[in-house]
Amino acid sequence: MPDSPQPSPVLTHFDAHGQAHMVDVSAKPATHRVAVAEGFIRMQPATLALIAQGQAKKGDVIGIARIAAIQGAKRCAELIPLCHPLPLTRVAADFSLDEAAATLRCEVTAETVGATGVEMEALTAVQVALLTVYDMCKAADRGMVIEGVRLLEKRGGKSGIWRAGPLR
Amino acid sequence: MPDSPQPSPVLTHFDAHGQAHMVDVSAKPATHRVAVAEGFIRMQPATLALIAQGQAKKGDVIGIARIAAIQGAKRCAELIPLCHPLPLTRVAADFSLDEAAATLRCEVTAETVGATGVEMEALTAVQVALLTVYDMCKAADRGMVIEGVRLLEKRGGKSGIWRAGPLR
Amino acid sequence: MPDSPQPSPVLTHFDAHGQAHMVDVSAKPATHRVAVAEGFIRMQPATLALIAQGQAKKGDVIGIARIAAIQGAKRCAELIPLCHPLPLTRVAADFSLDEAAATLRCEVTAETVGATGVEMEALTAVQVALLTVYDMCKAADRGMVIEGVRLLEKRGGKSGIWRAGPLR
Amino acid sequence: MPDSPQPSPVLTHFDAHGQAHMVDVSAKPATHRVAVAEGFIRMQPATLALIAQGQAKKGDVIGIARIAAIQGAKRCAELIPLCHPLPLTRVAADFSLDEAAATLRCEVTAETVGATGVEMEALTAVQVALLTVYDMCKAADRGMVIEGVRLLEKRGGKSGIWRAGPLR
Amino acid sequence: MPDSPQPSPVLTHFDAHGQAHMVDVSAKPATHRVAVAEGFIRMQPATLALIAQGQAKKGDVIGIARIAAIQGAKRCAELIPLCHPLPLTRVAADFSLDEAAATLRCEVTAETVGATGVEMEALTAVQVALLTVYDMCKAADRGMVIEGVRLLEKRGGKSGIWRAGPLR
Amino acid sequence: MPDSPQPSPVLTHFDAHGQAHMVDVSAKPATHRVAVAEGFIRMQPATLALIAQGQAKKGDVIGIARIAAIQGAKRCAELIPLCHPLPLTRVAADFSLDEAAATLRCEVTAETVGATGVEMEALTAVQVALLTVYDMCKAADRGMVIEGVRLLEKRGGKSGIWRAGPLR
């Protein structure tokens, strides 16, 4: 994976004694930060057809998953133990259906003006959206699989822009 | 997928007019229910080595992810819009490292004595655990991918035992 | 109001010394309980037209308010200090538009199998739904008014069926 | 209603495709913002007398509703799907009894230094306060009605000062 | 301490491999359970006088701490990682002032009908009540100390009645 | 206690009419603020030995209490009624065992860049950590006592540095 060739040797969420802490960001300036994450849920073609139908007519699975994504982003710091609370300034979730692959894709963009990044908020939103789709379709298809959940892009802060390479 | 050959044609979370609701389970008896879910996070081998090291020595990523999983299971109904609140009677999370595949696997078992299943609680716990791993290792490896999150088994209730087929 | 002619002289949420407590329901059997509540939001006709449009095409205000209602019902005991936590077994929210009166009506039915009633859950859901409508339309119309929020019906438990009289 | 004569034709919580999002406020400066909201609960005169009594002696309904209002304001962004999380810098709730009309009035002022307004926080606080009053008095009077919940005033931000006209 | 002479050699919140889990209570019957806990906050005599004054006149510190205790009990399972969620059927908080010792005492009784005990709910309520007192009086007295927080009594379940010995 | 000789005669959480409010901090600048709090849990020597063992081998009580402390700090404003929500920029929890006194000590440092202090966040974190220790060890030792919970130090803001005197 050429896009992050030199992983830091240190897990920053642990101090010198190996004890977990919420990392000190007190001295970091508040800057505009953006993160984009994506994820997929794979299902039976008949299940995907039910979702596609709902968009046009009734039973709007995607509309509900979108709300769950936005609400989930706001709860990120409650769920992820060492995550800093962040004042989100934007959350948007987009969905697309790939009928050939029988998958639904979710992409979330999260933004803040803060001292640390919003990757976790974007990823949490994707996960909650896909779990919501699972919940709403599970009576029809228990074998759905969530996959390919990852960070696509990160902007702002000292480390600048990061973009994911192709999914292996 | 031979294990669920006849998907219901109806998404039960919508009423006859296509409007979302929390499904009525008032008349269903409270029975013992179990759900097992799994998921994976794939990373660079050097990142996995950092996690493996933590188990033995310091920086216990897996110990923290386990707590996050259990706490996450309890928040499921707040995150998933149409999920019923359930009194969890057991949550356990196991982790295993596959060095050849450079992945960490998380398996969660959730149990309740209630009127509806605990699949969503088990799946939510897996997702929160894997997000927590991502959070703790992201300074070293931003390209980690969460994949293969799915229900493995479900017991109890009217529909009896369901087991997933092999992951395609 | 002929439907509740003999108000109890005691506020049950206070003990003999006037101190608030969460009332003891330990000895009450768990029975099936239902509550129905309603409420209205009055707005400019042009705002109501925007909502009506959304149902057919895009910008689904009502769909989002419905999800907020269901999610809000689950948070009732966190918001209302002396409310007992209850395992909701059903929540459904219906909306109707009255163009003549330029109001949107929300009706929520909540059910549980528990030791105490679900009135507060139904009322909380109505309030959160109407607040959500306000939030989504406030850029167009800040003068909207929420009104007529009340319990319509209550069934189950020792006190049997109660129905509201006409709104004065 | 002369105070908002030209409603915007657009519901800003939806993008150009009609999909809900949390609106981008990343570029808006943090400024001091104030919102004032009010609401009423109408009840039987005997119920209002019980509340009035509590202020002087025991069974302090209003004191508890005030705490619920302040706590509720802090949970606003969890309840209202597209609301931004905001760091509240002040919340105050005042109550007054109108014995002639047999109503209790609640007025909440909320303030923040942030990128977006605090109307929803003030309105949520009013609603939770009135629901709390309902909860505490419902054993005596199930027919209480919540009404006239609305924004009274809004200051700060680009749009300046807005004040409600008389309640129709 | 003669009341618990043979501590179990096992910490039940860990499995045979030393991994934390939420203990399985699926097979335990739901029975009526009660727990009583107490705690103290010691302060300057002048601070205690301010609190005593508030009870009679204005600035009701104890009334607010009581509400915080009840609300805190409901959040116990969110705060304590391995705690089971429990449907509380009663919470009551009593306070008493000891002017000689310049301490305020809080005693909470919590009850449930469930598969496991309510000790943690009662203890959490005491802690939140005392923290609330600290918060409200800290401008006058930063040196207050919370002490003697412990379980007094536990009834119900297989282990029967347990009562604390005298505080050493 | 020579370190706070002139307690303010006013409880700032009440207005001139004795009514509780969330104090106005709108005009206070956001500055770096630090608070350090400590607390103890006293137990039977055999229980402390079980905890000590866990650090080396398995059953890591302290590791879990540390996570609970950090998570608890983030929930402070939800638990303490008049507390302002604060964007925490650092939380760290340290533990030490005193075998002679059979006590476990917890010290938490919390930091923010905000308009008001983080004392309550640090104290809440200590309390939640000690409650978590109680929960995990209670099967072995129900008579544990939490004591000596207090603020040690406070820096930042208009009032400058405050340090506690020796614990009486």
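Worth pointing out:
As written, the chain order gives the labels A, B, C, D, E and F, with residue 1 at the start of each chain.
We take it that a residue touches a chain if its C-beta (ideal position, glycine included) is under 8 Å from a C-beta of that chain, and two chains touch if they have at least 3 such contacts.
Because the structure is a prediction, the values reported are computed rather than measured.
Here the chain-to-chain distance from chain A to chain D, counted in touching steps, is 1. Between D-F and the choices A-D, B-F or A-C, the pair with more than half the same contact pairs by residue number is A-D. Matching the C-alpha atoms of chain C with those of chain E calls for a turn of 120 degrees, to the nearest 5. Centroid to centroid, with C-alpha atoms defining each point, chain A and chain B lie 16 Å apart.
The distance from the centre of chain B to the centre of chain D, each centre being the mean of the chain's C-alpha atoms, comes to 38 Å. Centres computed as Cα averages put chain B at a distance of 32 Å from chain C. Within chain C, residues 19-20, 60, 63-64, 67-68, 71, 75, 78, 81-82, 87 each touch two or more of the remaining chains.
Remark: the chains found to touch one another pair up as A-B, A-C, A-D, A-F, B-C, B-E, B-F, C-D, C-E, D-E, D-F, E-F. Taken in their complex, chain C has these residues touching chain A: 60, 63-64, 67-68, 71. Interface of chain D with chain F (complex): residues 32, 63, 66-67, 70-71, 73-75, 87-94, 111-113.
On chain A, the positions that touch chain F within their shared complex are 15, 19-27, 77-78, 81-82, 84-87, 114-115. Interface of chain F with chain E (complex): residues 1, 3-4, 7-14, 17-20, 39, 44, 46-47, 50, 54, 57-61, 64, 67-68, 71-72, 75, 78-83, 119-120, 123-124, 127-128, 130-132, 134-151, 154, 162, 164-165, 167-168.
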